[in-house]
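As written, the chain order gives the labels A, B and C, with residue 1 at the start of each chain.
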Amino acid sequence: MIELWVIITGLLVGITCGMAGVFLILRKMSMIADAISHTVLFGIVMAFIITQTLNGFWMLVGAAVAGILTAYLVQLLHSSGIQHDAAIGVVFTSLFAAGVLLITLFASHVHLDVEHILMGEIAFVPWDKWTLLSITMPKAVWILLLVLLINIAFLLLFFKEMKLATFDAVYAASIGVPILFLHYAFMTSISFTTVAAFDSVGAILVVAMLIGPAATANLISRSIKQMFLLSMLYGGASAIIGYYLAKFWDTSIAGMMATAVGILFIVTLFAQKLVDFKRKSLVGKLEGL
Amino acid sequence: MNALTVENLSVAYDKKTVLENANVTVPTGRLTAIIGPNGAGKSTFLKAILNQLPNKVGKVEILGKLFDPKSLVVGYVPQRNAVDWDFPTNALDIVLMGRYGHTGLFKRPSKQDKLLAKEALESVGMQEFAERSIGQLSGGQQQRVFLARALAQNANIYFLDEPFAGVDAATEKTIIDILKSLRAQGKSIFVVHHDLQTVKEYFDYTILLNKTILASGNTEDVFTPEQLQETYGGKLFMMQDTIGAEVVC
Amino acid sequence: MLSGNLLWVLMGTMLLGIAAGITGTFSFLQKQSLVGDAAAHAALPGIALAFLLTGQKDLPILMLGAGITSALSVYCIQWIVSFSKMKADAAIGLVLTVFFGVGVVFLTVVNHSPLGNQSGLNNFIFGKAATMTKADLTWLFISATIIILVSLLFYKEWKVLIFDPVYAKGIGLPIEALKATLTVLIVMTIVTGIQSVGVILMSALLIIPAVSARLWTKKLSSMLVLSAAIGGLSGIVGTFVSATRSGLSTGPLIVLVAAAIFFISYLISPTGQINKFLRKKQFRKQGEIG
């Protein structure tokens, strides 16, 4: 039962991040996800300083706020002429450094475990349970389900606008699509996703799950709907494969899941190239007939 | 009512003034060329009209009003290289996006929307490519899809940014025929154009732009060697043949 | 901290800041600031693997391992972008996280082994500037000096390569070799810096001084000097402040000093916000008169 919860948590992370990652890849914002995963540290520390508690809820709020702040600051710097990648670099390293400093100044006595933040501890997930509506599940599962629902709702509401705004922002603006609102709403959903996942799998794996499955799906998808399905599939698969490999080799689950993401990417990349090559040589043969 | 009214439009980036005191009035129902050398500010002019530049000074009115995207009155056809054609979708889907303004937020495109999109695709001769991934389209095909998207929108005034750049002759003919039929319906069309050879043949109205608007009016009045010389400032080499003034850049 | 030791650390972080400012400028101009971030994270598997394979915790061996996986990550990114339809941002993010994930896996194996050190990850992330040994510092000096000298040596060639790659090819410059040298230098900077300020803060030193310098000048030579100066200054001031009060880690402070310099530059430089605001006001005034 314990193990089942761990697997379910991993699956949820894979599926939720896989879904959120699609537009991240299409909008070429992968590195903002990486930035947000670092700046949540700053958000969590601020939440602690302000509320003086280690309450999980306020940490989530703090982290979400940090995520939006990150997106906003990057946009601010970029629109004043600083190139995009440098803007991301400046914002997230500064906020992370600020977070670390704040920890040593105001929270050094508190056990804000850096390793936990970076790698999570999915094995501990089943022990922290919440009971809502007389259903008892691990807290992480509740939060992930909530965020999954939020992501689904966002997609149902804004799918076609996001599609257009991503493909051609200027044209979208010319027909009244609220591109700035969509940008920040999307960044908010990414922040929530990051926060929901990193408690169980840590900041690094969240980014791997946000970028990897979607990027892999992008290699072989012919439509966005296909990309969503494949991305969620890859996310879930990475989680399962990663979990069992980690169990087999007695090593870090989060690390192994990230590795699985990489393996699936390489395999898909080569498989796609191989299929492409075979198809082209077949066409060549047919034309030679 | 005029299609376009621009008064004292100036745009500056950092320390450079890109557009200075541009003034022009264009009546409706014209097929207008916007021409000028590279770096003259043509794209900036277009962006300023479409209200994408917060740092502009001056007044721009489209069909008598300030630009309101929600009115869906303006159909914009951007440069092809403004987007990433690796996007995972097909040609029909792109054209359907032109209907999103009419569909409205939170709703799905209706059967009517899909029908109009199909018709728009047909009118540019791309109906066979409806299901084709846009990454597999040629330059000319991509340009036609962009035009179809604006057509599906059913606008009253169209702005096209270098639609003939790098397209094959058949596509160029298809596009200009469509633009001319739009004009016949009373719509107004503005084209940032790069090929001086075809200006007289395609456009009945011309705007000469180089950091400011040097001249505007009926093509036959404005598209003269003297005016062109002033616009292009010595970067122009002109030849005259017996048929008319043929200009080579 | 003894003041003698403090002086050594001050010099060390200053040199590191200068080296990072220089190599970071070249990265920045090639729009590859975040590649440095990926390379920094990618050092982890190299360090862990070096330890696993050799059983030694000697600095040179670990640094060699770090350098190899770091450089490998840079080439992986380039390969992915050229071989597949994946874009640069996704390639960087993917390589960064996967390499780091693999590194975490190796590190867990290390921690399970009898010689494993539990604080390994913390040191990797935050560095241990304050507890650097004489040996660490020596390596720092040597690396930083090499980086600065090589940068001076190849300045002309890199300048052409960055601003006019077509021309560079035309006059027969060995493009790949030059690029490789630059990559090696960036990796060296990262590997040297990681032990004192940690991964993320190393990325910061590679990015922030370069971006700040860019706000003041467009000329490469000026940018390099300014970036180096800002990097060095951040190192000195950051270390100094951290020494005045116990319990303040050096790494974050160095970064925050750099960030403060960036912020000031953002406001008061010629292309900065204050001047922009003033110019806009003047522009609008002219528009109203005209």
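Note that a contact is a pair of C-beta atoms (placed from the backbone, for glycine too) under 8 Å apart; a residue touches a chain by one contact, two chains touch by 3 or more.
For clarity, every value in this text was computed on a predicted model and none was experimentally measured.
Peer 1: So, comparing C-alpha centroids, which chain is the farthest one from subunit B?
Peer 2: Farthest by centroid: C.
Peer 1: Can you tell me which chain is nearest the middle of the complex, judged by mean CA position?
Peer 2: Smallest offset from the overall C-alpha mean is found for A.
Peer 1: Just give me the whole-number Å value for how far the CA centre of subunit A lies from that of subunit B.
Peer 2: 39
Peer 1: Please work out the Cα centroid separation of subunit A and subunit C, and write it as a whole number of Å.
Peer 2: Distance between chain centres, rounded to whole Å: 25 Å.
Peer 1: Counting in whole Å, what is the centre-to-centre distance of subunit B and subunit C, each centre being its mean C-alpha position?
Peer 2: About 45 Å separates the centre of subunit B from that of subunit C.
Peer 1: Give me the residue numbers in subunit A that touch at least two other chains, ranges are fine.
Peer 2: Touching at least two other chains: 81, 218.
Peer 1: Would you mind listing the residues of subunit B that make contact with two or more other chains?
Peer 2: 14
Peer 1: Quick check on subunit C: which residues sit in contact with 2+ other chains?
Peer 2: Residues 85, 271, 276 of subunit C touch two or more partner chains.
Peer 1: Within their complex, state which residues of subunit B touch subunit A.
Peer 2: Going by the criterion above, the answer is residues 14, 50, 52, 68-70, 72, 74, 76, 78, 82-84, 87-90, 93-94, 97-98, 100-101, 103, 105-106, 108-109, 133, 149, 153.
Peer 1: List the residues on subunit A that touch subunit C in their complex, please.
Peer 2: It is residues 25, 28-31, 33-34, 38, 77, 80-83, 85-86, 88-90, 93-94, 96-98, 100-101, 104-105, 108, 114-115, 118-119, 204-205, 207-208, 211-212, 215, 218-219, 246, 249-252, 254-259, 261-262, 265, 269, 273 of subunit A that touch subunit C.
Peer 1: In the complex formed with subunit B, which residues of subunit C make contact?
Peer 2: Against subunit B, the touching part of subunit C is residues 85, 271, 276, 279-280, 283-284, 286-288, 290.
Peer 1: Tell me, which parts of subunit C touch subunit A in their complex?
Peer 2: Residues 28, 31-34, 37, 80, 83-87, 89-90, 92-94, 96-98, 100-105, 107-109, 112, 121-122, 125-126, 200-201, 203-204, 206-208, 210-211, 214-215, 247-249, 251-253, 255-256, 259, 262, 266, 271, 273, 276 of subunit C touch subunit A in their complex.
Peer 1: Quick check: in the complex, which residue numbers of subunit B touch subunit C?
Peer 2: Those residues of subunit B that touch subunit C are 8, 10, 12, 14-15, 21, 55, 57-58, 86.
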